[in-house]
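To keep things simple, chains are lettered A, B, C and D as they appear, and every chain counts its residues starting from 1.
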Amino acid sequence: MPHVVLSLIVFLPAAGALAIAFTSKDREDFIKLFSLLITIAVFLLTAWLAIPSTGRGEPSTFVVGQSAMQQVFRIPWIPAFDIYYAMGIDGISFPLVLLTSFLSMLAMAASWNIAKHVKGYCILFLLLETGMLGVFMALDFFLFYVFWEVMLLPMYFLIGVWGGPRREYAAIKFFLFTLVGSVLMLVAMLALYFSSDLSKLTPSQQTAARLQPEELRAIAAARSSSTPRPVHTFNMLALAEMGQMKQSPFDTPLLWGKSVQWWAFVLLLIGFIIKVPSVPVHTWLPDAHVEAPTPISMLLAGVLLKMGGYGIIRFCYPMCPDAAYDLAWLVCALGVVSMVYGALAAMAQKDFKRLVAYSSVSHMGYVLLGMGVWTATAGNAFVSDYWKMGMNGAMFQMIAHGLSSAGMFFMVGVLYDRVHHRDLDNFGGMFARMPLYSGLAVGIFFAALGLPGLCGFIGEVLVVLSVWNYDIALAVVSASVVILTAGYILWTIQRVYLGPEYKGPHPEALTPITRREVAVAAPLLAFAILFGVYPQAVFRYMSPSVDRTVSQLARWTKEVKAPRLAGTDALPAPVAIAGPIEPSASALPVAPSASK
Amino acid sequence: MINPVAEPVSLMHYLVVGAILFVCGVVCMTAKRNAIGVLMGIELVLNGANLNFVAFGSPYLQSGGAPSLGLDGHLMALFVIVLAAAEAAMALAIALSFYNAHATVDVDQANELKR
Amino acid sequence: MGIVFHTVLFYLLAILACGFAVAVVLSNNIVRMAFYLVACLGAVAGLFFLAGADFVGALQLMIYVGGTLVLLIFGVMLTARGPLANIQTSRAQWAMVGLIGASLLAVLLYAATTAGKWTHSGQIVADRSHVSKPTATPIGLALLGVRADRLNAERTDAALGKGMAGYLLPFEIVSVHLVVVLIGAAYLARARRRATTPPMAATSGDSNNLDPGD
Amino acid sequence: MDLAQVLPLLLGLAWLTPLASFAAIVFFGPRMGHAGKGAGYVAIGAIAASAVLSILALIAWLIAHPLGGGHDAAHPVAAIAGEWYPLAVAGELKIAIGYYIDGLTVAMFAMVTVVALCIHVYSLGYMHEELHEVTDPLVTLANGQTLKRRGRFHRFFQYLSLFCFSMLGLVIAGNVAMVFVFWELVGICSYLLIGFYIERKSASNAANKAFIVNRVGDFGMIVGLMALWSGLGTFSFDEIFQQVRPAGHGPAAHGHALTVPDGMVRFAAREEIAAIYQGTPDARQAEHAIREQLPGWRAEGLGYGLLVVAGLGIFCGCVGKSAQFPLHVWLPDAMEGPTPVSALIHAATMVAAGVYLVGRFYPVFTPEVLLVIAVVGCITLFIAATIALTATDIKRVLAYSTVSQLGYMMLALGVGGWVAGLFHLFTHAFFKALLFLCSGSVIHATGTNEMPRMGGLLRKMPWTAGTMLVGCLAIAGAGIPLVIGLSGYYSKDGILAQLYSFAGQNPSYAWLFYVAAGGAALTAFYMFRLWFMTFLGSPRDEHVYAHAHESPRVMVVPLVILAVFAVIAGWNVPGTELGLQPLLEQARPLGTAEGASQGLFLPTLTLPAEHLSHAHEIHVPVTLLAFSVAVAGFLLAAVIYWWRLLDADVISRMFWPVHDFLRNKWWFDELYQFLFVRPVLAGARLAAGIDRVVIDGLAHALAGAVRLFSRFDDWIDRLFVDGAVNATANVTYEAGLRLREIQTGAIRQYVMWVAAGTVGLFVLAMFLWSYTLAGP
């Protein structure tokens, strides 16, 4: 009963929001407690899903090691436009789902200080959680888009109502930037929809795309018809299959000599890098973070930014591989520029939260870079291992950044709750006043610094190590970011936590960290350490799917793109790429036996 | 010249009486400022209508060849009577209530909603 | 052709009914109006008998004359005090009312006298065999859902079956309606003791709350 | 039991015990005994257990591989390599946590744990005051008072335990990635311990400086790692060495000559490979063609540059960690930390990790890289030694001395003296730890770091003075020439002999030898300057002198133990070949015994094999030379600071430009401030400014334009669209107002209207539809 579990996970928060809507707004404590219980329930559900399935019979939980989509279901929703209510999870989305439910739980626990309009806050918060979870689980492009927008609106209000002094400005900025992105995404989505044609899929591809009987009938009808009419679809799996076909329906020219998939890739990429965010469309982030209340900052940095990366790996690459191959340099360059630029900008900040926000820009640059390193080229004998490493690193970096940035924002929030300012030059001496807090905070900051043994290191090092094979100059520049990162983080620690005494206002308010705050921060740090020491805990879930995506693209490069580049299609390549992917026939660049 | 008493009564006769009662009722409703008077007008109107029902349902008055309502007419009349009773009770209660509040039963004084 | 007593009786009763109705209209004294109305309704009951509607007539006497009008007279007595008993209507209004009443009467009389013309002729549906029978039993049966008078009828709706188009449901609705109305009337007309509300309750903020319990 | 199973177990346990101690102190530290005093004992217990386990491992190793086999390159002792668990796997690429154990590893374990144990015990006494509330006279609060704070005894030992864990992990690491992991961890421990006095601005600045400068080195190291990784597809030492030093290559049949691995050749020949793949449809045929081409490409030199980059990159990391020029600036500042920390981390172990890594990674370095290492080491030793001449802070003198000695090690490694360089690492660890602990004892007694305020302390603290004299003699390389000497005598002689051998082969690089020899004189000079200024002469500051006292036994005993090691570390067990030097000789990596030559870019450079330097004609003159320059340095120091025949002030005034130059540490800090720090900060401000002005400006301008257009649109709307709508509404409203007057609220009127309406309807019906109504 996959649809029950997944739907329950997605819509339980929404149901909770509905229940709260019928509760008196004066019962604030009850509402908070109820929301917390809902988020805990969602987390427990996802955690239950994470228990590896035994593999006997119909798997009810996640099957570790399976690379394909799991728990898939597709139910007609708006049949007139081929829109399905389709969900599923795989190694790419499931860790993000877990991260979302985990951070939502902690963020709700961090929301105890919210005093204004508690009822409205909790309702919007839970709606936001539904949107976030839905984005990661949706398997229908349209459904994805709906959830994407569902998540946008509560965020706007959460920033705009519960934010700081310039909240309206920040909320509108956030909203407009993201809306531009989603409009472009909508255009791309429609372009892909109207170019798609299910009847071009082979039977094995149809199975892989989980086509429903009515769709198969439509295909049969279209094929037998004297005037062939394309069968459009929003099915993400089918779109990916189509994008990687030898004669892809997305290859038709659209505008200025560029194909449909080129335009779709560019539009989608812009939409997603706004969310990531990457330079130069990142300026909404510092403002939104500075103004948003602490728990919302946690979610914004911890989950929302990940949707950009998720979108790129789920949409841009599998659906538009041709454009992705041609524009891989752009993705990499954006990533590197973001890394350097974000780190530099962070160094110049005086506002604590702004600094953390810019660190997010820098850290999310790794994600773009890791995804972009398309090393499976002819010169590398189409070996995709380095790209796999980069992609795995990028995905891991998303999880790691989700933990560390949420932690950092929470740590800033703890201070802000007490002294009500964030001026970095007016702190100091926290170690003496709040030793436990400072210990946790420094631990989390070290995780962001990329210290080995903490989660930030793994993602960064995998990404950086994978770049050299793609481009040496980019690799060197990206490696240099470790210096800048150390610079701004250590400088921050020095200014806030070290030193003889606190210099700012309200020194009397600096009470020790409460038990509730420890309960939020400690799990974050604990997971940061766990994932830093034993990253396989994440990779076991993630790698099979990531590797499969990369392998498919590598195979596509070998069988479709390389002949295209060579200007000859004479290669005896199969018509389509589908089915199980065997390890590449060619060995690693190095065969030790060869030199012995 | 036809002798009126030698002719059997036709439907028309009843209808004429009903019409007269009806008009009297309407005039009563319109002209009386007393709420009770208005009520009485209503009773007259209802009776006029009732007379019509009964006349149409009567088997003796078929000279015009009109189809008889039969028992249905009687039943309609019955319902009207009962509902009139209900209406009278209700209206009187309202009138009393109004009287308690305003110490008058002049319907022209009942114009609070207009203000 | 001799005198048809039925006709004579009709004229008599008709004149009585109309006369008393006019008297109700013209009278200014509310008590007298009530009396005239009683007489008028009694005459109408007579007309019902004449038309063969014995049960309706009986009920007319019982409910109207014996019930409703008693109720009305109670109302009169409760509200009629001194100068308030007769509230004068202006002459201009009378003129207006008269004009409209006369034209309405004209229209209705025209309609009544031409009734035969606009009804379809030649279709006498009712079975004459039971006309002389009393109507109370068939009406009672009809109120219970059985149309004894239609048992032999040819035209019935197929869905209902012969004799099965009675008035059980309307009857029930009417009875419930009556109960509701009476309870509502009793509630509306109950004595209010607003003046005796204690000052504490008046200041407690819910003095405008129409709570029947106080 | 099988050694391949026992050693990983023993060393793994020795590695993890300090981690357990760290975890225990993190969670229960403040509650351990009075004011966390128990934490010290926990940490000492852990490191003692580590030491025992390490020595057991050493014994096991020596039993399995007895020393004395000579330079048997044909049958090298195989290292024990394996992996514990993977960190990340991508296709056939894998990064894992593993181990690589050979003689060097075992020896390092024993050295690190023993020195650390001594220092732990010493710290028990040195950090004693952290048990109470501490008054820090160096920190002044805003209200003018000096800082009073709670003691942080347990935290100190917590960091020490973490450091020991990280350092041992670095040593046992089975691959370069794991080395990097622990490289960073020792870095952060160093950061935490340098900044132990968090209230002092200078301390936190120094900590930041140390970490960031190290990160600069790490940047280079990452570049090296990337080159290595992309070329070889593995980080494991074992596999790297197999690929770089394949059997059967080289002059001798058993010679493992340096070979550019296939992967690097392929990486450099990407365009050719792409061409082959595009010309050959079948992947297997293409692979075959590529394999045939590989030797040719290698002969063309493809991929050699990548190997050089990899070597230089790795060395870059070592430069940072071992404080070599140009990244040496952090180490002297790191003396802000407590003195035991300086002894353990910044003298004996962590800073030697760079040297250790160069030694470990030795087979991968091409002659060009080795030359760079040698030159950097040489420059470092000279610069640091000169700065040490004028420093007055006792710890800074030792710090520069450390930098200089590390330079010696690098220099030795760079000219092919693998054993010499690493041997010096070990001996240096003992005597430099000893020297630092002695200086700590002095500081503990006098409360000051400044040597000009000391003097005549010999009478007050004889034990400290005695052991420190041993240390000075050891570092100066004292001994009876050609007969016997302290540990430094052997190691320094080894370095100079190899240099001499190298200079003989490469006359154009002979200056390396002269600088090193001169450095030996400088070493003797500044060390004895330190000792004389501190312990001899008359007290210069009566207050300090009166305050001084010998340290408690808990601090003196480690001094004595270390002094013993400083004396004997260079000796073999009499009558046998059992000693440090033979152990290292046994651990010599593959293919390095024959020396190296014929680099692609420097074909004339030749690194002589190390055993050549043991030849009599090299060994004897070098030993005598080294002894004489050391004596010269000692005599000069004695003339100035002991016998006072020359006045130091007069000399410094005479050579004031040189003196100023050295006092200001060659202006390195200022130079870097100007060259790097300020431009980066300016870049940061620029980036923030671009965000604020350009990008946000653009967004705001766009928003403004849209709002302007919307205002225009609004005007259109109000004029036309709204006009029409409003007009409709107004008309309706007016009509409503009129109609409202009919609503009198009078029931009677309503009835009248109904009646009138009925009449009207009837009339209308009769006139219009009379025929219809009347029927036929």
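Throughout what follows, a contact is a pair of C-beta atoms (placed from the backbone, for glycine too) under 8 Å apart; a residue touches a chain by one contact, two chains touch by 3 or more.
Not measured: the values here are computed from a predicted model.
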C-D against A-D, pair bridged by the larger set of C-beta contacts: A-D
Chain whose Cα mean lies nearest the overall Cα mean: A
Farthest chain (mean CA position) relative to chain C: D
Centre-of-Cα separation between chain D and chain B, whole angstrom: 109
Inter-chain centre distance, chain A versus chain D - centres from mean C-alpha coordinates, in Å: 33
Chain centre separation (chain A, chain C; CA means) in Å: 79
Numbers and ranges of chain B residues touching at least 2 other chains: 26, 30-33
Junction residues of chain C, two or more chains touched: 97, 100-101, 104, 111, 120
Shared interface positions of chain A, touching two or more other chains: none
Which pairs of chains touch, using the document's own definition: A-D, B-C, B-D, C-D
Touching residues on chain C, where the partner in the complex is chain B: 1-4, 6-8, 10-11, 14, 17-18, 21-22, 24-25, 30, 33-34, 37, 40-41, 44, 47-48, 50-53, 55-56, 59-60, 63-64, 67-68, 71-72, 74-76, 78-80, 84, 86-89, 93-94, 97-98, 100-101, 104-105, 108-109, 111-113, 115-116, 119-126, 128, 131, 135, 138-139, 142-143, 147, 149, 167, 170, 174, 177-178, 181-182, 184-189, 191-192
List of chain D residues in touch with chain B within their complex: 743-748, 751-752, 755
Touching residues on chain D, where the partner in the complex is chain A: 85-93, 95, 139, 141-142, 147, 149-150, 177, 180-182, 184-185, 188, 191, 195, 198-201, 204-205, 207-208, 211-212, 215-216, 218-219, 222-223, 225-227, 229-234, 239, 242-243, 246-248, 259, 261-263, 266-267, 270-271, 273-274, 277-278, 281, 283-284, 286-287, 290-291, 294, 680-681, 683-689, 691, 695-696, 699, 703
Parts of chain B lying in touch with chain D, wherever the complex brings them together: 26, 29-33, 38, 107-108, 110-111, 113-114
Residues of chain B touching chain C in the complex: 3-28, 30-37, 39-41, 43-44, 47, 50-51, 54-55, 57-62, 64-68, 70-71, 73-75, 77-79, 81-90, 92-97, 99-100, 104-106
